[in-house]
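All chains are identified by letter, namely A, B, C and D, in their written order; residue positions are counted from 1 within each chain.
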Amino acid sequence: MFQIEIEPGFSDTDALGHINNTRLPVWFENARKPVFQIFTKTFDFERWPLILAHLSIDFLGQIYFNKMVTITTEIEKIGNSSLTLRQCAWQSEQCVASSSAVMVYFNYESNSSKSIPDDIRKKLLPHLIHKPD
Amino acid sequence: MFQIEIEPGFSDTDALGHINNTRLPVWFENARKPVFQIFTKTFDFERWPLILAHLSIDFLGQIYFNKMVTITTEIEKIGNSSLTLRQCAWQSEQCVASSSAVMVYFNYESNSSKSIPDDIRKKLLPHLIHKPD
Amino acid sequence: MFQIEIEPGFSDTDALGHINNTRLPVWFENARKPVFQIFTKTFDFERWPLILAHLSIDFLGQIYFNKMVTITTEIEKIGNSSLTLRQCAWQSEQCVASSSAVMVYFNYESNSSKSIPDDIRKKLLPHLIHKPD
Amino acid sequence: MFQIEIEPGFSDTDALGHINNTRLPVWFENARKPVFQIFTKTFDFERWPLILAHLSIDFLGQIYFNKMVTITTEIEKIGNSSLTLRQCAWQSEQCVASSSAVMVYFNYESNSSKSIPDDIRKKLLPHLIHKPD
């Protein structure tokens, strides 16, 4: 499981006095960085390894300014060329937003997906929610 | 069907040279404003009528700077106290991102959902994708 | 004078119930696009012509959701390799934020400024606030 | 001197491959939070103590993804009802953006500025760049 800490900024609030829903996709993207790091060490934009194919978020509770937020990231499924991640935003020990993200291992030059190589697959396995038997 | 036009800004791009995925939830939220307007004429923040319970986005194609984007919004389902919307971001006549959003008619003071009243329901009906027989 | 219209989004508001100050630099950047267009027709990121060297903003009034904003852009000064722009955000016929931006004509490859060529200079002149005699 | 650490997010980059200038005002706002904390302990939005009257930024160098940024905040001047702050964004031990911000001690209800009380003034003094003799 990966974990990052976020301090909500004042510009993340909206006129309802809580954090605006559109900030969650940004926080979840930031929290996926350690997964990227398994695919690329250099973060070379010319050889970017993954694209986001799908994102879904369930908003489970209000999120407030002036309280830290923790984002957890786990791998739900490793497919042939794709990854399904499960993420949660936690505040005051409650999961206030849960998210599912599908990322595809991708070759931008040929504009097509690629099989995830075995050496990367091995590094992903420890982060699976349900470990294979 | 509701429709708004968006001109992508330069700060909406990312280092991959296209529009960053986190901008889509913002554009989709802006495109839901006409639906809000059916629930509230005054946009009084103290009596905000809807909360976003769920958002999912399928990213179907890259979105580019310097080309207009159209966001379409239709109602997929009107439940007792919730609405399911179907939205699309179009660029160069292609749906580059499609989205589903569930909004709940909500009373912030009692912190609970409410039944959508008949007069609002009537105004929503013309925007249903599949009209009832 | 260049002019664009902006419809504030709900995520542009903050917990004080007005538009957050950090949105203004985004709107001003978007409003400088027609000036960029004089320097580049293709918006080729590999040959980006200008960098922002300085930005200052005076916040003169509150900006509200659900009212259109107009951004005006004029050229205050054309230097050898730089441009000074004067911009205003208008809402309800009041200038609610005024801004000064200095942009430098720049060669990213050599990492140095360049003299603005005469043909570009000619196209900039009509947008000067104070026309030369 | 106040100090916060920022990890640039991928959505903070733009198509030029560096951090977009419009993110700096957000980071500087976040870095002013400890100054707010001297004026308010509760961060009650109904009794918000300060408004931003002026912001200026000099962009001194490019800012990159995948490297931490430090924002420093010092007080340059304490006026009767206003504060002038000096802020810097540091990356790789270089000040890549310096900023000046004027904040006014403000009563939102009467829509007017107020004198900064002595007890707050005392708590601000240690953060002055140039200490009074």
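Please note the rule applied: contacts are C-beta pairs under 8 Å (C-beta built on N, C-alpha and C of every residue); 3 or more make two chains touch, one makes a residue touch a chain.
Bear in mind the structure is a predicted one, so any value in this text is a computation, not a measurement.
Among the other chains, the CA centroid farthest from that of subunit B is the one of D. For chain pairs C-D and B-C, the one joined by more C-beta pairs in contact is C-D. With centres set at the average Cα position, the gap from subunit B to subunit C is 30 Å. If you average the Cα atoms of subunit B and of subunit D, the two centres end up 34 Å apart.
Computed centre separation for the pair subunit C/subunit D is 23 angstrom, with centres defined by C-alpha atoms. With touch defined as above, residues shared between interfaces to two or more other chains in subunit C number as follows: 10-11, 15-17, 21-22, 26, 29, 45, 65. By the touch criterion stated above, subunit D contacts subunit C in their complex at residues 15-16, 21-22, 24-26, 29, 45, 48, 51-59, 108. Listing the residues of subunit D that touch subunit B in their complex gives 10-11, 13-18, 20-23, 65. On the subunit B side of its complex with subunit C, the touching residues are 7, 9-11, 17, 26, 29-30, 33, 43, 45, 65-66.
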